[in-house]
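After this come two complexes, each holding chain A, first together with chain B and then together with chain C.
Coming up: the complex of A and B.
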């Protein structure tokens, strides 16, 4: 039955083949990126590589500071963005009229489309220069927090919208005010969306390079920041700089090792989001 | 709110709309204190809309509109002009149970006390006692007393509905609204709910929607029959069921008699 439908006639067969080929192409692309990274970087991934700071400009030692830096920026951004996103989503769904809701959502989507380098530029001017934070991890955290805000808002909004109206009504019928309803019904029932949004935001922030390159990071010479206005070094910067300047063979393999590590981090966040979304997303 | 008179609800020239679509027009009814009233009528005739008008639960639909006078214990509840109506206070006075039991994702114990705790109606020391009293009142205590801390979702549909009722009763309402409370239940659970309605009717004002005519006949004192966008006929249960005035009522009752 299925075969006869998709294979009917020359045109049908053509489309079947065309779409299949494009699918194969995309899958192969992904497989080759992953396998190159595993092949080139897999060998250097030892406990020492993760636990030691880098030495000799990346040619020796490990990537401990880089991993820490990437995580500090991403997690910091998530922590700052989360309450703001939650407030935005709740204000929209509980207080705003339908017309203004769609205006705000359009703004949020527009924000999502802003090239990340512009967030970097804005952050550099505002946080770095105007507030005097300079090139620091805090600037980076604030910039990334702005950047992932739309992702979080959209995810939380979707979850709030998917709460069955009966739950809202059960709360209202008990005489709850909107703040009580938010605390006891809306947040618990959209919790999966909040976590999903946070993880997607973390994945985005973990992979981001442009916006933090000249605002929050440095290539070498720092481990953990000791004050608010110190920069960090990250996996992203490490990969970028080493891949351009490395002459040593060992530095090249450190690039691949860093890349693989970064990919695994991003993958963990986004697959965590997927798992939570598919497990709690539809049914409630 | 204490009702000064014998009448709890007065509806005068009430029209209900969603957007520009009139759902019910020219509604004129009164509901006595400590009585049981049923609302019947074909599906889509506005039974739920009318019921939910009484505790302003339609408010959260942006297109809902209500004109005319709806008064609860002498206060006009849609009139926000002089000293706005405290809707949340109103809904504490008027408990509601829906067709599909809708419990919160916590334990049985927490669900019974959901309203009481959130609204801070009673001191903490009384919580356990309230839970026991309410669960006994809905004949659920013996079935759940050993697993109060278990998730409410473990319960059967019928038990869940009784728990919803207990949750509403725990807030000590003066009026109880039920929207087809037995429609999704098995016969035995339905019976439990029915005998509860009868029992509660002696101290509360109970108003329920049903599509089950036998239920309306056996439980209620007053029947409101909705059809074609208006209250077709309303009055004492015997009058409506034995000698309805309107042809439409006769036809509906005859069609559902089997």
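Coming up: the complex of A and C.
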């Protein structure tokens, strides 16, 4: 450490400048990501773009089926994942010893760490081939449900853990059984965590491409699936295919529009989660 | 809501990671039986002839390294400023921006890379083609920046004020307080953030796939970041659909997946060892 106060002051100023520079750079990088997307994609976002199916290789029409497809997969995954995640979190906190809880959380974190493409490989074989679902939206929903499960479990558990112990004790003192306690105390007081988890999960599922790339989606020729083993077309696939193969200028601008739409969808879910989380006093 | 339902969901979610591991191991057995270590250290990948994973392992490692080179200084610097320098309001704004930006889908970065960044890199360095390791690394760096930042910020922010007050009382200046009193306390959490960011970069598929050039070869010389290459995730993403779930090609892809799984799980384990608090975002 430098001894002269003056020298230390100089070091301090340099240090301050350096960290400020990193902050400004980071913020600029992220702001430019958003502004490029808005600048490139904003112009094509009209009502027709959202309400019409895509025609002639993405060059004409809109992205109605793509938006529907993305939402079908994400919402389906959320619906399947939510009860399982809730059950897991409740079982852990109400029926397991602390020691065993931490073992289980490690397994959940491990699942969270699994790269999404591996869920795709797994789902392709298990859901697609063994269960005979083929390349279908149902495979996609199941894969995404697995993928977002840890997000939901962790969020719900955080909320359950933050319930004051007096509430729990009051319930038990009234002679409640654990299922009664869950119904009347645990779920009502951790409801914000359940909603937050669901929204975060939806955000993750909405933005996911790799896991559903070769398991659930197709580029062309579907509007809404009519049976369980039909694929859907999604914004993610649309962007992926068109960004590599678009030849028309209008197709390129449609890609930017689709990407902006996707980003806004994800932002809606994640900012919803953020708002609920900060309202319920969980630190941001 | 009866307990048996809770028990079943509990069993499902706690066994999924294990099931995936079993799937990866059993799916990659034929490849390891046939090639053994040759699979990991082999440099050639020709479908139907020979399978070697080294170029993909190399690509994943290098791309992740570049990403960390960008995300660590920027992310940790920003985290320090957010937690220690700016006021409450500004902190709230910065944190919210980062949390929201952490969710930007990989495909968005892929598109930005494909249609813009590759051309910039090409023109900036006078290359023939901008699809290279550097482009992929840059994009990943920006992608994981918010995650690294917000998790490190958490770690710095939870250091009790007590330490700051003591350091100030000893006559340290603000930067010294941060460097000598606050950061040492926050290091476990920051390391956790780094490991978690690393796993995200390693596993990312589409953002890399679109810009890395998809050439299964270790560049010559190996430190040439302007050469096209291939990462594990992008390789699987490119070829999974063609391999239709049977045969050696499929086994080779699953084996690649097993290697990636091993890399990521090691990091997750390390993150838990150093005291990562368990936040996912």
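One rule holds for everything that comes next: the second predicted complex is superposed on the first by the 272 of 284 C-alpha atoms of A that agree within 3 Å, B and C clash if a C-alpha of one lies under 4 Å from a C-alpha of the other, contacts with A are read in each partner's own complex, and residues count from 1 in each chain.
Basically, contacts are C-beta pairs under 8 Å (C-beta built on N, C-alpha and C of every residue); 3 or more make two chains touch, one makes a residue touch a chain.
None of the values given here were measured: they were computed from a predicted structure.
**Student:** So in the superposed three-chain picture, is A:272 touching just chain B, just chain C, both, or none of them (first/second/both/neither)?
**Tutor:** neither
**Student:** After superposition on the shared chain, which partner residues are touched by A:117: those of chain B (first), chain C (second), both, or neither?
**Tutor:** Second partner only, chain C.
**Student:** A:19 in the overlay: touching chain B, chain C, both, or neither? Say first, second, both or neither.
**Tutor:** Touch partner of A:19: chain C, not chain B.
**Student:** Mind working out whether A:172 is in touch with chain B, chain C, both or neither, as first, second, both or neither?
**Tutor:** It touches chain B, and chain C stays clear.
**Student:** Between chain B (first) and chain C (second), which, if any, makes contact with A:189: first, second, both or neither?
**Tutor:** Once the two structures are laid over each other on A, A:189 reaches chain B alone.
**Student:** By the touch definition at the top of the document, which applies to A:134: first (chain B), second (chain C), both, or neither?
**Tutor:** The answer is neither, since A:134 touches no partner chain.
**Student:** So in the superposed three-chain picture, is A:53 touching just chain B, just chain C, both, or none of them (first/second/both/neither)?
**Tutor:** After superposition on chain A, A:53 lies in contact with neither partner.
**Student:** Which chain, chain B or chain C, ends up touching more residues of chain A in the combined arrangement?
**Tutor:** Of the two chains, more chain A residues are contacted by C.
**Student:** Report the residues of chain C in contact with chain A in the complex, numbered from low to high.
**Tutor:** By the definition above, chain C touches chain A via 1-3, 5-10, 12-18, 20, 23-24, 27, 73-78, 80-82, 85, 92, 94-112, 114-116, 142, 145-146, 149, 173-176, 179-180, 199, 202-206, 210, 233, 236-237, 240-241, 245, 253-254, 257, 260-261, 264-265, 267-268, 272, 278-281.
**Student:** Would you tell me which residues of chain B are touching chain A in their complex?
**Tutor:** Going through chain B, the ones touching chain A are 55, 57, 60, 62, 88-93, 95-96, 98, 100, 102-105, 114-115, 118-119, 164, 167-168, 171.
**Student:** Could you list, by residue number, the parts of chain A that touch chain C in their complex?
**Tutor:** 1, 8-9, 11-12, 15-16, 18-23, 25-27, 29-30, 33-34, 36-37, 83-88, 90-92, 94-95, 104-122, 124-126, 128-129, 146, 149-151, 153-154, 178-179, 182-183, 200, 203-204, 206-210, 213-214, 236, 239-240, 243-244, 252, 255-256, 259, 262-263, 266-267, 269-271, 274, 284
**Student:** Looking at the complex, which residues from chain A come into contact with chain B?
**Tutor:** 97-98, 166-170, 172-177, 180, 184-185, 188-189
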